[in-house]
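Below are structures written as C-alpha cells.
Shared between the two complexes below is chain A, which has chain B as its partner in the first and chain C in the second.
Our next item is the complex of A and B:
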C-alpha cells in the first residue's frame, strides 16, 4: 500500500457529499458498495507503484465517504492506464476500473480535468488518436512504412465518422474542446 | 517381580519432532522391571491400543506405562485398553512427554530426549509399585442446578426439565431473562429479542420440573458429582411473593427514584420495583437501600395511628397493595433465607456484563450523548426509556450523524486483551436498525477489523454496506465535546491514509464483554477456575468445551467467554445433555484414588480432620480410642491428609508413599 498521504490537512468527513455514491452508480460504477477494501486491486495497480495518492482502492473508499473535493483536487484518476488488471483480480466483482471511469465522468462534468487530458481529447477528435506524433512520418519512411498509419489519420471518411460519434457524446455538451465539422483538416497534423 | 511394558507414542510429529523416540525406547527397554518397550506413530489409535492389549493377552506384561500426551484427555483411553486386555485398569501409568517435554523443549532436541528418558524412568519406577484398585460407584441425586437465568441458563434448565429431571434455576436478579431481555432485535435475522425470549421465560416459569429461585445467589457448594449439597441464599424481597400479583400498584405509589439498571441507568425506577414489564416471575421487590421508609414505616414496625381518624398510617406502597403482599409491619430477615438443595449435577451459566464508558476519558464519557451500545439497545427497544423512539439523551433530538467506535476495552492491554466477538455484529445490527427506519441518518462505524464469522453473518455485513453504512478502518483517538451538544470524532483513516474528523450527534461505544461480577468467587465455591481473562475455564477447548475439571459441573454461555445468542444456546443445550448423562445413569463411577486410614495405627490426633478441605474425615470411637475415619463418598483424593499425618498411616491410593518415593528416586538418577 502506498504511504502517500492524500491530503496535507485533516479530512472533514462531515463535509462529505452523500450523493456521490449514487452519482457514481449511475455513471457506470454500479458495484461500488460491494467493495470491502481488501486492496487486491491496489496490489495489481501500476498507479500504486508510480506513487499516485488516489488509486483504485482509495478512489472507491473516498467515493463511499463522499469526498468529492479531495478526489477532484487531485489528478490521480487521470493517471489510470486502463490496464484493467484490477477488474480481473477483484474477488468482489466491483469492477474498480469502471469506477475510476465513472469518477472521470464526474470530474469532466465539473471541468476538473488536467490540461494534458484536454489536449488528448482534442487530438482524439482531430486525428482519432489520443496520442499521435505528427513528426513520426520520416521515421516511418526510413523503415519502409507509409507516411501515415492505416488508421483514421489516413482515412478521412473514417475520421469523419469518428467525429460524428464523438459529437453524440456528453463531451459535445460540455464544450471542453472545439468540435466544428469544418475543423477537420486534410492533413490531420498535430 | 512386575513385568512392565513401555509404549512410546510419536504423536505424529508432536513428540517425535523433538524427542528421539528410538533412543528413549532403547533406554526404556533396559529399565528395571521392563520386559518390552515399543513405539508407535499414534498410540491412542486403534492399532496402537491393540499393541497393548495383545501384549497383555500374550501374558508378556502385567503393568503398562504409556509415554505420550496428557493424561487429562488420554488416561481414560489407555486405562480402557489395559482393562480390555485383561488387567486391572489401575495397573497403568502415564508419562507426559508431549505437554511437559516435546512442546516446551521443541528447540532443544537433545534436552527433550534426555527429559523424556527421565519421565519414562519415573513412570516405570512408579509402575512397579502399582496395585490393583476397584472403582467405586455413587448413587446420583436425579436433580440439577442451573446458575444464571439468561438465555443459556434457561435453555439448559428447560432441556433437563423436559428430560424429566428436577431443575433448580438460580438467578440473582428478580426476574429471569438476563442480558438478552435488554436487547431490541437480534442478529443475524433481526428477530425481536422479546418476541423470541419471553415465551421461553414463560416456559421456564411454568414448567412443572423447574423450581425458579430468582433474587437468589449460591452461598456454598459441597460434595461431588452425583451428590452436591448447595446452599442458596434467597435475598430478602420484603414482599410476600405468594400474595404479590405483579400488578404494579405499589411501584406507581413509590416516590423514591433510583437509576434503573434494566435501562442501563438512562432513567429511574422506584425503590419498590418490578425489574421489567415482562418479568418472570412478575413480582415486586423492595430495594431496601433506597427505600425512603415513607410515613416512618421502617420494615418490621407497627404503624402509628392517626390521632383523628384512628386509622393506621401506612406507607404509599402498602396502602396501594390490594393483596397484602406489601406489609411493612412484618418482620423480615434482611439476610433473606437459606435454601438447601441436593443435586447430582450443576450447570454454570452466569453470563456477562458490558463495560461502562467511564474509564475511556479520551471519548468524553461525561457527555450524555456518548453512550454504550447496550444503552443504544435500550433506546431502540420499545420497552426502553424512550419507548423505542430514537432520541438522543441530551435533548431528545433525533441524531442525524452517528459514530460507532469498535473494540472499546477489547483488544486493549489496559482492559481486556481478547476480542469481545459480538461487537462487530451488534454494531452493524444497531446501525442497520437505525438506517432502515431513518435512511437519511449518516452512520459511520470506526473499526479495526470487521469480524463477522458466523452463519449468515457476512451476508448481514454486506447488506449493511449496501444500506450506505460507512465503514472506516482506524481506532478513534478522541471524541471532543463541541458547543451545541455536538461531538467531534477524530481518527486516522487507514484506507485513505489520512487523518479524518467527523461531527456527530451521537457516539456509540462498543464496550467490551466481561465476566459477570462475582464469577471468580462463584468459581472458588465450585472448585473451578477462571482463565487469565476472568472467564471460567473449560476442561478442554475442543473436546470437552462444556465440562470443567470438577466432574458433574458444566459451563455454558458467556460465563465461559464472549458469545452470541446462537452459540450460547448451542452450548447450553450441549451442557444440559452432558449434565443429564450422570442423572440418566443413576450412578457414577468414582475413581478409587482416595485416602484410607490404617485405623489400627491411627493415634487419633485429629490433624487430618482439621485439614480436610472436603470435611470428609471425622474421629470415631473404636475400642475406647478415637480414630480418624474417611467418608469415601466425600473424599476427593487431594492427599492433604496423607501428607500431614504425623504417624504416616494415611495412604492415598494411586499415590502411595512407596510409589512417589520411587518416582522421585528415578528422577534423581
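Our next item is the complex of A and C:
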C-alpha cells in the first residue's frame, strides 16, 4: 500500500487495475472469482499467525480490487509457505495457494521478485539444486557419504538435460537469470 | 521391495546425516533404495512454481520420468520435495493440457511423462508397506520411557487430494504418532501440534516473524508435554527446530533446549546405525537422548 493509503486508511478504488483479475486467472489462479471472502483460509494461514500484511484472503481481496502496486510493494506474497492449509479448508475450491503463486508470477513478470528467488533460480539452472552448498562435500564425508549426492551435481549429462528443459520454459523468455553453459561452482542457500 | 530415493537439496547439503539415516534404515528393513541418478531439485516453491505452471511441472516431470523408467515410486524425507513433486504430478494427471505442454518440452530431451510413479514420504511409505508391527519386530533399540513431541510438517498433510498416502483426517494426523509409538515412545499432545514451524519461504522473507511461529510451538511443547525429544516428519522442520533454538535462547525468548531429530534418524538409530553417521550434524545436543535410545 502506498504511504498515502496507509496514512489515510483510504483506498482509491478508481485507481484499481481491472486487468489484474484476468492476469491471475491466466497464470494459474483460475478459480479466483469463486471466492466469497469467507476467511476460512485466513483462519488456517501461518502468515496470519506470524503477522504479515497480506495473506490468502487479503491477497484475493486486493486482486479483486485491482491493487497491483499494493501487492507488489509488499513482500508478503513471497512469505507464503505453500502449506496448503487454505486449499484443504476452502469451501469453494478456490485454491488460494495457487492464487498467491499466480500473484508471484505477475510480480516476476514485472521483475518484482526477491533477490533470494533470483539466486534460487540461478542456482537451480547452474547446479540443478535451488539450495546448493559448494562446501557440503566435507559435511557429507563426515557422515560417511560420497562428496556429491547422485543428482545433477554429479552428472553433467543430467544437468544439461535439466538446463535444456528450463530453456524451453517461460523463465527463459523473462530473462531474469543468464542461461548459458556452466559448471557447478556457485553456492546458494535459500 | 525397491523404491527410488529422492534426496533433494536440504537433506543432501545441509543434513546429510538424515540422508545417511534413510540409506541405513531402508536396507535394514529389507527395502532396496535406487539412487534415481541424475535427479534435480523438486523444484522448490520459490523457483519454477513461482514462474509458471508448465515450467514447474516440466522440471518436476523430468524427476518423475527417472523413476518411471525404472518402475519405481519416489521416496522423500523433505516436505517441500514431497509437496512440489506430488502437486506437479497431480496437475499433469488431472489436466491433459498441462501434461501435453510438459511432454512437448520433455520431447527435446527424449523423455515422456506418463504418471506411473507415485510420490511417497518415507515414514508413510513404511507405515503402509510394512506397518508398525513389522518395524517393531526389527528394532535393536527402543524409545521406552522417552516422551516425544511431534512436528508432522505441513506438506505431509495438505492438500490431501494430491497425496497417495492419506491420513484419515489430515487435521488429526496419526501416522507419525503410531510410528513413534511403534518405537516405544510416549507421544504427548500439545495444542500447537498442527502449527507451521516457519521454515522455508517465510524464514527467507522475514526471519523475525518466522521465528515467532517456532517459538510459539516450542513453548507449547515445553509447557504441555515437556518432551525428551522433538520428532519431525520433514527435513525443513528438522532444520528449523534444530537451528532456531539457539537464536531464541540468545534473544531471551526461551530458556530451554529440546533435542530434535527426524523420524528416520531415530528409526535408523533403533535399527543399529552408527550414531555419528545418522545424527552427527545436529546443532541441538542430542547426545544424552541418543545415549538413552541406545541403552533402551
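Quick notes on this one:
Definition applied: the second predicted complex is superposed on the first by the 171 of 190 C-alpha atoms of A that agree within 3 Å, B and C clash if a C-alpha of one lies under 4 Å from a C-alpha of the other, contacts with A are read in each partner's own complex, and residues count from 1 in each chain.
As a convention for this text, a residue touches a chain if its C-beta (ideal position, glycine included) is under 8 Å from a C-beta of that chain, and two chains touch if they have at least 3 such contacts.
What you see is a predicted model, and the numbers here were worked out from it, not measured in a lab.
More residues of chain A lie in contact with C than with the other chain of the pair chain B and chain C. Judged by the touch definition given at the top, the superposed model places A:65 against chain B, while chain C stays out of reach.
When the two structures are aligned on the shared chain, A:133 is found in touch with chain C, with no touch to chain B.
Contacts from chain C toward chain A in the complex involve residues 7, 9-10, 12-14, 16-17, 19-20, 23, 35-41, 43-55, 58-59, 62, 80, 83, 105-106, 108-109, 111, 154-155, 157-160, 170-171, 195-196, 198, 200-202, 204-206, 209-210, 212-213, 216, 274, 276-278, 280-281. For chain B in complex with chain A, the residues that touch the partner chain are 401, 442, 444, 450, 462, 465-466, 468, 470-473, 490, 493, 495-503. Those residues of chain A that touch chain B in the complex are listed here as 1-7, 10-14, 18, 21, 33-34, 36-37, 53, 57-58, 61-62, 64-65, 67. Looking at the complex, you find that chain A touches chain C at residues 27-28, 46-47, 49-52, 75-76, 78-85, 87-88, 97, 101, 104-105, 108, 113-114, 116-117, 120-121, 124, 128-133, 136, 139-140, 142-145, 149-152, 155, 157-159, 161-162, 164-166, 168-171, 174, 190.
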